[in-house]
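Structures given as structure tokens follow.
Both of the next two complexes hold subunit A, though its partner changes from subunit B to subunit C.
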Partner chain A sequence: MATRQHLHLNIAEVFSKTPGPRSRAEGEHSAEEFLETILLRRFDEAVACDAILIVDLDGGYGYGTSFLEEAFGGLARLRTVETVRNHIDFKSDEEPYLRDDVFTYIGEALTGSSKRRR
Partner chain B sequence: MRYVPWASALLVGLVAGVLLAQIPYITIEKKIDLDGMVSLFIGLVLFFGLNLLYQQQSTVRQGEKDILMKLAQDGLAASAMLDSTFCQHYKENPLTQAAIEEILAGLQRYNNVIHTLEAALAQCQRKSKLDMTQIQRDREDYRAVLTDSPFTVSYDSGTYRKQQAHQRAVREGFVSFMLQMNRVL
Partner chain C sequence: MGAPQHSRIHFWRAGKVDSSRPVPATRRRRRRSAPTGSPEGPQPGDGVQVPVAGLAVRRLGREGCIGACGWLQFIIAMCRSRDFDVSGAGYALKKLWVEKEHLRWQEIRTRGELTRRRISQEKKRERNREKSGTPRLRTQRRKDILPRTEVEAPAVFSLVANPEGTISCINRVRQAGRDHHVQIRLENISALGPAAVALLLSVITQLEMAGTSVAGNYPNDAILKEILEGTGFFDHVRRPGPSGPTRKSGRMYRLGKSRQVMPQTAKELSAFAMKLLTGTEQKHGPSYALLMETMGNTFDHAARTSLEHQQWWATVYHDATRGRACFTFIDHGVGILHSFPFLQRIRHWPDVFQHNGEKLQRLLLGQIPSRTREKHRGRGLPNAYDTWVKGRVKNLVVIANNAYANAEEQAFREMAVDFSGTIVYWEI
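== the complex of A and B ==
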């Protein structure tokens, strides 16, 4: 079986070390801004060449639930949960559990369970 | 050195046998009953072997319990620190960069402890008897309360009470886990 190509995206390097709130209206470096200006484009590139987009979550000060849910759950709402699962993966040596957390947000993107969890 | 207790026990046994033979009305037959010796030998091997095995298992179990208990206590301490950090900053509007970093760092510390606890539990002999589902669920919920919008800008008015409720749930989760551990390990 051929190994799929990997594209890399480090949020701290290309966007911000201090990712902000959910929406643009709430403040700077929001998940909405990240999704629309960077993530969607890189993700579509990965899909176009049947690659996997490896999102590196290290290097920043940490992520809020709202940022991760809106960025990656939002991506799943714009594309499909299945497409996102097939073309994205996460890497974090600083917080290894983040990978599972983000996949949960992706899986619950359409039901909104992660948004309602509180 | 490790054979000294066994050698001493053998010596004490021989001396006791000789002394016992001195008591009037007790006679000792001066012949060897091979069947009896074999039975005695098997009995002794079983007794000491099983005892040794039990002691080894018991030591391992106690060690595992001590490690898991320490990690669960670390979890309680990390959640208490996070509570303290939150209480120190939740009224800030907007939250300062230092406050955001402090809250996220506290959250990472708390998450890391749970991750370590889970990793340690996975290596334990009796992992199937201990359940971390509730602690994991509380971790996700607590994270959501502390970092959902409008964080990183500010906290809304109801967040303090929600945070306190989740702090209580987290503490109860850890206490319940420790009590469960005390029962099964």
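== the complex of A and C ==
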């Protein structure tokens, strides 16, 4: 089985060490801003070359639930849950539980009225 | 003569007598029914006297217009004429008052007046609504001459151990501060919690307390005095005389002007706590996440209207004796249980919950789904509880309106006192 190429994205390095709230209106360094300016572009690159985007969550001061949900759940809502699961992975040595949390957010991104909207 | 001068509605005052025009020597009374052009009727260029009781209208230089059309038409025509003189116009007014045209005009005018009055009253109510709670000039003046009132703090001044007594005391301070200067007596307290100090500070620095002098004394107990000094309380209030060296065990932040979520504040508080606990400045992800969530919830839901945003306080205190860092987040908004999203959620389960404590418990456990059934919404408080369950934070306490939840003691109850806002307290 061929090993797939890995692309790396460290949020603390490319975006902010202090990730903020869900939306731009709520404050600076928001998940909405991160998704639109960085994550979406890097994810599409990974999908285009059939690679896995490794998102490194270390280096920052922490992540609010809203930030992680809006960034990665929002990505699943813009693309599809399956595509995101196939092309993204997470790394966090400082807070290992974050990886499972984010995959939960991706899995539950399309529920309720979000699902109907699609 | 120039162009005809049209009168306005005050026709009995409008127009002018052309003094240059010669007045006919003979002023005869003419019958109303006299036709124009007849020998007895008004002749072009003649003056006209109208034979009405108490009314003498002299019209100069115009054709007569006394006809069967009625007095109103006649008077209007007179008003539109170039030169006329009206004296004793009372009858004409009286006549006008019963004319159909005038009644209609009067009705429209009355309607307009009623509409204007209603709009004016609505505007006045709106102004009063905006001003309510903010001290006016008169109130401020009165505060100078009003007496000082004393509020005694409960023996256990702690939101964790004695939430009802502490909130009752804080409510008393808030209520008395509207028209009294307040003296808070802390000398007899036997226990002091950092969350209670944060709550006290958040209340006495509120806008509605502007102009009110709030003072207080120190606890007699030296340890409690040290706690009060260490919380950072005196970074925000004045104290008489020079202060002795105090160990900085705490920090208190008030939100900035933008009232937005402030990641920098969350970072500083969590890093400060970790520095006091471990000696090195490092991150504490769960506390950072909790601060971000509570700030976001306050920004989104705490304000009474969608246009304003509620202020908040975030504090941390290092309790050296227990080796714990205590975080407190306070907002004086509507409170979770009265917030619009929560009310929308529980609308479909009106009689399920026995009391507000149970509502808060279900909310923490994530058992009240969002109204849109979207699982990714409303994760803030369930995640806070989950963080406590997984042992990343300790002693989680949430107070919202009159509901109290203590995760450590598994106590979820409705309090006898009401707190307008939300308090989230945890330790690491």
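Note that the second predicted complex is superposed on the first by the 111 of 118 C-alpha atoms of A that agree within 3 Å, B and C clash if a C-alpha of one lies under 4 Å from a C-alpha of the other, contacts with A are read in each partner's own complex, and residues count from 1 in each chain.
What we mean here is this: contacts are C-beta pairs under 8 Å (C-beta built on N, C-alpha and C of every residue); 3 or more make two chains touch, one makes a residue touch a chain.
The model shown is predicted, which means the values in this text are computed figures rather than measured ones.
Of the two partner chains, both subunit B and subunit C are touched by A:E26. Between subunit B and subunit C, it is C that contacts the larger number of residues in subunit A.
Of the two partner chains, subunit C is the only one touched by A:A109; subunit B is not. By the document's definition of touching, neither partner reaches A:D50: not subunit B, not subunit C. By the touch criterion defined above, A:S16 reaches subunit C but does not reach subunit B. Contacts of A:G73 after superposition on the shared chain: subunit C is touched, whereas subunit B is not. Once the two complexes are laid over each other on the shared chain, residue contacts for A:P96 go to subunit B alone; subunit C is not touched.
Residues 18-22, 26-27, 61-67, 94-95, 97, 114 of subunit A are contacted both by subunit B in one complex and by subunit C in the other. Residue ranges of subunit C in contact with subunit A, taken from their complex: 258, 260-264, 266-267, 270-271, 283-289, 292-293, 295-296, 299-300, 370, 372-376, 379-380, 383, 390. Only residues 16-22, 26-29, 60-67, 69, 73, 94-95, 97-98, 105, 108-109, 111-114 of subunit A touch subunit C when the two sit together in their complex.
Against subunit B, in their complex, subunit A makes its touches with residues 18-23, 26-27, 61-67, 94-97, 101, 104, 114, 117-118. The part of subunit B that touches subunit A in the complex is made up of residues 94, 97, 100-101, 104-105, 107-108, 111-112, 114-115, 140-141, 143-153, 162.
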